[in-house]
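The two complexes that follow have chain A in common; it is paired with chain B in the first and with chain C in the second.
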Partner chain A sequence: MDEEYDAIVLGTGLKECILSGMLSVSGKKVLHIDRNSYYGGDTASITPLEELFAKFKQENPGEKYGRTRDWNVDLIPKFLMANGLLVKLLIHTGVTRYLEFKSVEGSYVYKQGKIAKVPVDQKEALASDLMGMFEKRRFRNFLIYVQDFREEDPKTWKDFDPSTQNMKALYEKFGLDPNTQDFTGHALALHRDDDYLAEPAVLTIRRIKLYSDSLARYGKSPYLYPMYGLGELPQGFARLSAIYGGTYMLDKPIDEIVLENGRVVGVRSGSEVAKCKQVYCDPSYVKDKVRKSGQVVRCICILDHPVANTKDALSTQIIIPQKQVGRRSDIYVSVISYTHQVSAKGWFIAMVSTTVETDNPENEIKPGLDLLGSIAQKFVSVGDYYEPTDNGLESQIFISQSYDATTHFETTCLDVLDIFKRGTGEDFDFSKIKQELGDEEQ
Partner chain B sequence: MASTSTPEQKVILVGDFGVGKSSLFRRYMCDTFINSNDRKATLGLDHYSKTFVVNGRNLKLLLFDTGGMERIASVTSSYYKFAEAAILCFAMDNANSFHSLSQHLVDITMFAENARIFLCGNKMDLPSEVTDDDMQQFCEQCHGLIQGTFKTSCKNNLNINEMFTVIAQSLCETNRSRLELQELEHHGFKVHPPEENVENCSC
Partner chain C sequence: MANNQRGGGIQRPNGATQNKICQFKLVLLGESAVGKSSLVLRFVKGQFHEYQESTIGAAFLTQTVHIEETAVKFEIWDTAGQERYHSLAPMYYRGAQAAIVVYDIQNQDSFVRAQTWVKELQRQASPNIVIALAGNKADLAASRAVDYEEAKQYADENGLLFMETSAKTAVNVNEIFLAIAKKLPKNEGTGPQQNIRPSGNETNRTSGNCCSK
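So, the complex of A and B:
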């Protein structure tokens, strides 16, 4: 440990592992430390199942849920958009070769107590039971507009300036009713609240395109999920970092981040000090440089059946738009199962999450829980959401934000890319990674 | 997404730091040996695939190195995932590396339960601290988990090709019977850049 590094990364959560990989690939000498004895921090998948029960202080379930080591349970449920930033990062860094994925089978949206498939193309728009007949036509016209839309070609904008006019105006142009706006904004564009209505329409158009492009990649739904759980993702990036020279230490408590004249010079564990020019870490390592900006409630549920009205999908996502249940932020439900090797045969893991708005968070996710039918076991947690109060430019300490309630990794990747840019002064250069490292087809 | 090309099987190197896993990897990859204790040498070694012909059929062995993560921390559990075979390595001149095999074996059976396991005593060119009896005893204690034992020397290039050939043969056999039994529903896919995917769709 008593060496000098360009960067020390604290915590092996997904964001820190991606950063560690990017820094090592960029030629930096990296030391990566975690206080836990396992990789992944909050983004680890818990295995075997009794570990999850122990974590939530519940009695060891024995073999009630099948073989306990067949379980890999995420604490923070998310899916990958097939055409999203994380998949791009995985492909460009070659980390994809360590992982296997399966498509998520269904994507649903909640309306008046029931769920319906999210319609994304013209055919589905016309077949959808989310809208009346006239509204279907209007929605279909809107989808055609978005499909044909090219940012670089003003002719496709059809007398509408998407960079100055807001989304509300675009909805009005097509005469979409509030109901249609609701599932478009929340289940297709995946906005968490309604602030987007006042923002330039182009931002939402991009997100709808991301959804439909993702859907086009592997069919069924726009979402992917890795075999054996999300915990495989940080591990894949950790391996990338190690291969490019990063040093890993686990089970190492961090006692102090050493500063000189307001600038980081090292990290102390016990009597050892590792010197460095920069520190990258998650909020839990720097309690004095972050502020709590909210809370996320998450409920992990073990089920012995698929969710009703999803055609018995073995994996699915359901979005409950805020307005449907009188809230300011959406409720997300994700379901995965043995098909992704995250549970024993015949069992399902459903996760319901949302941003906390009241002092009774468990009650807030009730509309999501009600969709699940009988629940064999429930684990509720309320996590604080932290944001850094220091952008790192002076101190050279770069802190990631906590994981938000969104069910995909777009915000996660944007945070990582932003931190990388602040830390190194440049955008990440994907071409720096040797494609096919040591892997020559013969 | 079914692939009709040569079947590819992941093989992992497992064992203490310094027993010569990367040397085995280098011999496998480009038949070279680096005679130095430069620990940085593991840098950049990730995986390498080589084609073997077994009974007229092609089989690709995709050999993975640890990336040196075991130096201070532990290797990630995802390293073991999808492995069809594991080479459990120790150094003949280092009894400690032999004694820690049981822990490595637990990790393999935990995270790659279907992997076939082969025992490899490397550095046989050096004065030995581990006897053939020790090795045999270990195999017996493992209740038939070990599918084969080898003594190798990366320095003198002894027994290395032979070892990988035996592994390829063994995998070819299990592969055949397993393919018949395998439930395809449990298989995922790799994500590829979009261009490739478009090509795939056209067929």
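So, the complex of A and C:
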């Protein structure tokens, strides 16, 4: 440890691991440390199952849920958009080679107490009970408009200025009713609240396009989920960093970030000091340099059955649009199962999450829990999320934002790219990675 | 992926019509400097470097051996040094169907460390993983510190394949991979799994320990 590094990265959450990989690939000498004995920080998948019980201070379940080491339980639920930024980053860095994914089987949306499948093609759209006959025709015209829409070609805008006119106006142009608007904005464009209605329509058009481009990739839904859980993602990027020379130390307590004249010069663990020019870390390593910006409630549920009305899907996403349940932000339900090697044979894991709006967060997720049928075990947590108080340029300590309910992988990637730019003064150059990563294939 | 048949590779037996390809993930484990990377380099490229640098820049290497009618393709993973401070990610041996745990016959500590790796694999890796123990640097038997019989007995007790190897002289290098290939189940699974590895040009790669006809 007593060496000099260009950068020391603290914490092995997804963001830190992507950063570590990008820095190593760019030729920087990197030391990557975690105080925990495992990779992933908050983005780890917990295994074996008794660890999860211990974490939530519940009694060891024994073998009630099958072999406990068959379980890999995420603390933060997310899916990847098949055509999203994270997938692009995985492909460009070659990390996709270490991972395998399954396509999520279906995407559902909550409407008046019931769930309905988000249609993936015209046939499903025609059969869907999300809309009445005439509404279906209007919705179809709207989708065709979005499909043909090209930002650089005003002819495709059809007398509508998408950068000055708002989304509400576009809905009105097609005469879509409030229910259709709700499902389009929340289940297709994946907006969390209704602020988008007043924002330029182009922003929402882009998101619907991302949804359909992602859907076009693997068919069943626009979402992917990695085998063995989301915790594989940081590990994949950590391996990238190691392959490019990064040094890894887990289970290493950090006692001090050493500053000289307001600038970082090293990191101390016990009596050892590793020198460095920069530090990249998550908020938990620098409590005095971050502020709390909100709260998210999440409930992990163990089920012995699939969710009703999802055609026994082994994986699904259910979105409960805020208006349907009188809230300001949506409730998300994600379901994964043994087919992803995250649970023992026959078991399902459902996660219900939302942004906290009241002082009874557990009650806020009730509409989600009510969809699940009998729940064998529940683990509820309310987490704070943090953001850095400065941009790090002066101290050369670059801090990532927490994974809040409102952070999907898109913002994860944007945060990472932004930190990289602040830290190195340049955009990440994807061409620095050998395209055929290791000419191992020859 | 190219089907490479390089220097160190084992040639297909004469006249055999290859009609099955099985792909397996094989991981290397062992203390630093015992010769993990050297063994792979010998096996895949038929080369040896006296001053082998710690491995940088390769995700994994592939090499194919032929057992009767079956082509066994190894996807060989090196640790990239992550084991040095006991920081190897579990993802590394995730889904591995085979492992070679390497020690240096001149170094008793590396043999003890090898035994902890075996335990770790038995605890964490897939239950029917094929594990081979390699006592490497057999060419330096003059300064031997680990007894052949002792290692052999340990391997037998734990159901491991065992050979003393030399990446330098190539002794037992192909042999150990071949022994693993023979022991691997080649009819397992019901065709390719429906897993996805996103790639830029989206020729949806499915994978698994598939045996395709």
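Operating definition for what follows: the second predicted complex is superposed on the first by the 429 of 442 C-alpha atoms of A that agree within 3 Å, B and C clash if a C-alpha of one lies under 4 Å from a C-alpha of the other, contacts with A are read in each partner's own complex, and residues count from 1 in each chain.
FYI, contacts are C-beta pairs under 8 Å (C-beta built on N, C-alpha and C of every residue); 3 or more make two chains touch, one makes a residue touch a chain.
From a predicted model like this one, the values you see are computed outputs, not experimental measurements.
Novice: Thinking of the overlay built on chain A, is A:283 touched by chain B (first), by chain C (second), by both, or by neither?
Specialist: Neither partner.
Novice: Examine A:98 and indicate which partner it touches, taking first as chain B and second as chain C; both and neither are also allowed.
Specialist: both
Novice: Pick one for A:244: touches chain B only (first), chain C only (second), both, or neither.
Specialist: Both partners.
Novice: Would you tell me the residues on chain A in contact with chain B in one complex that are also in contact with chain C in the other?
Specialist: Shared contact residues on chain A (touching chain B in one complex, chain C in the other): 39, 69, 82, 87, 90-91, 96-102, 217-218, 224, 227-228, 232, 235-236, 238-239, 242-245, 247-250, 437-442.
Novice: Taking the complex as given, what residues does chain C use to touch chain A?
Specialist: It is residues 1-2, 4, 6, 55-62, 80-82, 84-87, 89-92, 94-95, 124, 194-200, 202, 204, 207 of chain C that touch chain A.
Novice: Sort out for me which residues of chain A touch chain C in the complex.
Specialist: 39, 69, 82, 87, 90-91, 94, 96-103, 217-218, 224, 227-228, 232, 235-236, 238-239, 242-245, 247-252, 434, 437-442
Novice: Can you list the chain A residues touching chain B in their complex?
Specialist: Chain A reaches chain B through residues 39, 69, 82-83, 87, 90-91, 96-102, 217-218, 224, 226-228, 231-232, 235-236, 238-239, 242-245, 247-250, 339-341, 437-442.
Novice: Which stretch or stretches of chain B touch chain A in the complex?
Specialist: Touching chain A: residues 29, 40, 43-51, 66-69, 71-74, 76-79, 81-82, 110, 185-194, 197 of chain B.
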